[in-house]
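There are structures below to look over.
The following pair of complexes shares a single chain, subunit A, combined with subunit B in the former and subunit C in the latter.
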Partner chain A sequence: MTPEKPTFFEKIQNVDKRILYLILIVLTTIPLFPMFSSIVLPNEPAPHSQAFYYQLMSVPEGKTVFIQSDWTLSTRGENAGHIESLLRTVMSKKLKFAIYTVADPQAPGVYRKYIQSVNAERKRAGMKEYKQWEDYVDLSYFPNAEGTLNAIGSDVRKIFNKRVKDPASGKDRLVFESPVLKDVVKVGDVGLYVVITASNSFDRTVERLSDKTKVVVMCTGVIGPSTLPFFQSGQIKGASIGLKGAVDVEYMMKYGLNYPDSTGKIKVPWSGKEELKADPVVEGMTIARGSLYFMSFHAAIALLILAVTVGNIGMFMARRKKA
Partner chain B sequence: MDFLAQVDPRVNFWATQPGSVEMWLKILVGLVISAGAIFALIKMPTRGRRPVVMAFTFLCGLFYVLLWIWPSPLNRKPDEIARSPAEGVSFLLADTLPIVATITNILVAILLGLGVYSLIRLHGGRIIKRHADRGFSVVLLVSMLTITVFGYLDWGMRTFGDKEGKLLDIANWGFVNLGADLLFDGLLQQMDSAMFSMIAFFILSAAYRAFRIRSVESTVLMASALILMVSLLSAVVVVWNGNVTNLAAAMNVPLANPSIGEAGALNFLKISNIASWVTSFLQTPALRAVDFGIGLGALAMGLRLWLGLEKGGVSV
Partner chain C sequence: MTQSQIDLFNAIKITCGVLATLGLYSVLYKETKFFRFFEHVFLGLAAGYAIVALWKETLYPTWWLKMTGVMNEGVMAEPAYWVYIILLPIGLLGYFVFSKKHNWLSRIPIGIILGLWAGQQVQIWWQTNGPQIYSSMQPVIPTETTSFFKPITTGAGFTPERIAEINAQIWPSQAINNFIFVVTLLAAFTYFVYSIELKTPVLKGFNKLGRWMLMIGFGAIFGSTVMARFALVIDRMYYLWFEWLESIMRVFGR
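Showing the complex of A and B:
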């Protein structure tokens, strides 16, 4: 007896995974080709992204922000867009920043690369480069997140008892003598506390610092949902979640928030918060890495939806036929 | 404990001039004392170790418990003197916290070193015993040694040999700097990215084969997953929401009622609003409940460890 030939619906339930992989590679790679890089997909920033951008743009010029950068290149698809848009905005607004990690010894090597690349981009565009000591301080790695964050909340001057090179004298000096941190006595003195993370390290930050300073988060999509209870409760003031979050920030960097263009049209309205406004970023790149990856992201999600739908239709039809 | 409270960022017994002979001497003495303490602990009979570990665990836990329950000083001035013993304790706790945090940072760094030692011991043993998979152990140890050597050489050149900051420019990099960059950025980080990106393939394959509507629960799960996935596709969202706005205009129904601050019924047809409802009213409360449960569990576990009731935690 010859085995029964599989029907069409049985076949579409069992497409070879190598074919699926190939389709995924092709669909996610093609949008990265240079001819597609200028395409900007329309966007509606999420409310938590809008709150994030508003908080960032509300920091007065010259003020210091703390950046806790707890990610490495494994999540660069999302976090690279986050850190680049953050650094571009911070540098454009002439804010000073202190950057460090409490999560991963590899993280300082990663964020240093991005500071260098954004600086190089500014140099090419004829803008002022950010210099260690004058404009930012790199505090590197603190191995124990809980203890360090507790201490930041209690006495930031003691836990950041580090020295960095002062280019003017060529000597290592205490970071609190630098223009970046000289006015910071407690963590509440910073304009904003930004956590960029691929893990739940922001949980520890929220638990220990959210009542002492304004905390905002830039995180991967995987842990994004766990930030939302904190956003709802007001413990974090904004969140840029996943690649969509990076794209949202870039989009608002270009068009502002509740900001009317020359024709008076508001491209990004903030529903329910019409009285709050954030300007677009005035110098440097705005639409960049996040938006470049966004079409690939669309393709991947669309393929995922299609695969699930096709698999289910196949299952239903095959069952119906058997019945 | 008062000696810890006196520490400030300036040079004193606990914070000497960086790079000085005194500092290196203190590091050496510290290492010898630590090694002695670890050696003594190893040589101690198991029955003796348990109370030592329990006592340390209790003392360390007590510090953070006190920090949590004792009132914190508010708007304290730098030279303010405590007006009561209770305030004195709160000042002491606040002053000691950064020092304790520094000590815990050092302890965690030692744990990192312990991990390296453990790896070398395990894989070195496999190589010596000519284990069948010793090739992997050789690769691991050679990789670790190479990246360590290049990393430290690069760090040394930047820290001690580059007073003018020339190495910030790639054009001035030598063999060591290029080697360190290649090993860290060119290999380690890229392999990290590659490993993570493979998840996309597994997710696609698993979703295609396993995400089937076979029950009410899976139907609800799929419906909410589809809504949230579509809500991430901004190109689709903009078109969908635009159509809802046009529909409302055609039906002459307001999308929102600003006078009472409420959205109209049609507004709920916007995909972003449906997704927002799912996350705000279904997902977030569920996550909060899970977090609450985890918190209670962690509290119970923490108490057991702190009070030495957890046998596994102290069976050294």
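Showing the complex of A and C:
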């Protein structure tokens, strides 16, 4: 007895996954080519992204921000857009920053690469480069997130008791003698505490520091949903979640928030917070990696929706035929 | 190093990354020795890098230098605290976990860690959950009924005081949102009531609503996770097709 030939509807339920992967590769690659990459898709930043951008732009010039960068290259697709837009904004606003990680020994190597690349970008555009000691301090890796964050909350001077090279004297000096940290006595003295993460290290930060300083987060889409209750309760002041979060920040870097353009039109209104305003970023790149990936992102989601729909129609029709 | 040497080094580095990416992605076709090789390379590199980074970035500056002190141009810049030496044997006791006879010794550092952890949990519980409990108490009765929706204030020429006044009110549309939130919260809670039997149809229905709400929540979380994975694929495609080709073209002077 020969096996029954599968019908069309049974076939479309069982498309070879390798064909789907191939279509995904083609669909996600084509929009990255230069003729498409210059297209900026219309976007409506999410309220938590708007709050994030507002908080960042509200830090007074010259003030220090803490950046806890807890991600590595495995989440580059989302977190690279985050750190690049953050560094561009921080450098454009002439803020000082201290950067470190409490999650992964590989993380310092990764954030150093991005500080270097954003600095190179500024150099090419004829802007001032950020220098270690004068403009930022790299505090590297602290193991035991819980203990470290507790210590940051109780005595920041004790836990960050490290030495970095002062280029003027060529000597290793205590980081609290640097222009970046000389005015920071407690964690509440910093303008903003930014966590860039791909893991739940962010929860540890909220638990220990959210009542002591203003915490905002840039995180992957995987842990994004778990950050929203913290935003709703006010424990964090803003969140840039996933690739969409990176696109949101880049979009606001270009158009500002509640900021009227030359015709008086507000491109990004902040519903319910009309009295608050954040300017666009005045120098350097704004639309960058996040926006470059955004069209590919739409193509991938369209493929997903199509595959789910076709599979379900196939299942429905095949069952109906059998019945 | 000359620019061409830097470009060559960069191209070799990115090519290694490309080979590793292709090796790991080859599992999408099927599991082969090619995939296994790169999987082991990845694990070995991560473990090796972590050991070096742990010493260089952490133990050396925060333990060794504190213990031995810091000399700067022949002058004692920081005194040595030899008491830090005690930490080493305490930490090493952890390795007795491999000894059948003396593995009880490994419980000493574990006990210290557990004690510290438990103490911290008491302190942070309220810090984590308190504000969320407070923010869950949302008003469900509108305080302003002149309009169903909150008036749009952008570009309406209102004074900042008037905008603040509008934002301080609970408009009917917001009250409905809050009501949905509170009902969802309570329904989800009832799903986790295991100690009493829910007998009445109302309680059973509420319990079922809780289950539905949780399912919708899980669906949204899963959707967010899938989108995150797409972002990672797109980034790899960018690395494979653009960063790699660009590095190769630089070597050949284009």
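Operating definition for what follows: the second predicted complex is superposed on the first by the 322 of 323 C-alpha atoms of A that agree within 3 Å, B and C clash if a C-alpha of one lies under 4 Å from a C-alpha of the other, contacts with A are read in each partner's own complex, and residues count from 1 in each chain.
Methods note: a contact is a pair of C-beta atoms (placed from the backbone, for glycine too) under 8 Å apart; a residue touches a chain by one contact, two chains touch by 3 or more.
Everything quoted here is computed from the prediction, not taken from an experiment.
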| item | value |
| --- | --- |
| Fit-or-clash call for subunit B and subunit C when the two complexes are aligned on subunit A | clash |
| Touching partner for A:F142 - first (subunit B), second (subunit C), both, neither | both |
| Partner chain(s) touched by A:S49 [first = subunit B, second = subunit C, both, neither] | neither |
| Touched partner set for A:R208, first subunit B, second subunit C, both or neither | second |
| First, second, both or neither for A:T75, with subunit B first and subunit C second | both |
| Partner chain in contact with A:E275 - subunit B first, subunit C second, else both or neither | second |
| Touched partner set for A:N258, first subunit B, second subunit C, both or neither | second |
| Touched partner set for A:A300, first subunit B, second subunit C, both or neither | both |
| A:P108 touches, of subunit B and subunit C: first, second, both or neither? | second |
| Which of subunit B and subunit C A:Q235 touches, first, second, both or neither | second |
| Region of subunit B that runs into subunit C when the structures are aligned on their shared chain, from 57-65, 93-101, 129-137 or 237-245 | 57-65 |
| Subunit B and subunit C footprints on subunit A, overlapping residues | 17, 21, 24, 28, 74-77, 105-106, 109, 142-143, 146-147, 150, 161, 163, 172, 221, 225, 229, 232, 242, 244, 272, 297, 300-301, 304 |
| Residues of subunit A that touch subunit B when the two form their complex | 15, 17, 20-21, 24, 28, 41-44, 46-47, 72-77, 105-106, 109-110, 113, 116, 142-144, 146-148, 150-151, 154-155, 157-159, 161, 163, 165, 167, 170, 172, 174, 176, 221, 225-226, 228-229, 232, 242, 244, 247, 272, 294, 297-298, 300-305, 307-308, 310-312, 315-316 |
| Interfacial residue positions of subunit A with respect to subunit C in the complex | 17-18, 21, 24-25, 28-29, 32, 74-78, 80, 105-106, 108-109, 140-143, 146-147, 150, 161-163, 171-172, 203, 206-208, 210-211, 220-222, 224-225, 229-230, 232-235, 241-244, 258, 264, 266, 269, 272-275, 292-293, 296-297, 300-301, 304 |
| Subunit B to subunit A touching residues, read off their complex | 7-9, 15, 18-19, 64, 67, 72, 94-95, 97-102, 104-105, 107-109, 112, 163-165, 168, 184-185, 188-190, 192-193, 195-197, 200-201, 203-205, 207-209, 211-213, 222, 226, 229-230, 232-235, 237-238, 241, 261, 272, 276, 279-280, 283-284, 287-288, 291 |
| Residues of subunit C defined as touching subunit A within the complex | 28-29, 46, 49-50, 53-54, 57-58, 61-62, 70, 72-73, 116-117, 120, 124, 127-128, 131-132, 134-135, 150, 153-155, 160, 163-164, 167, 217, 220-221, 224-228, 230-238, 241-242 |
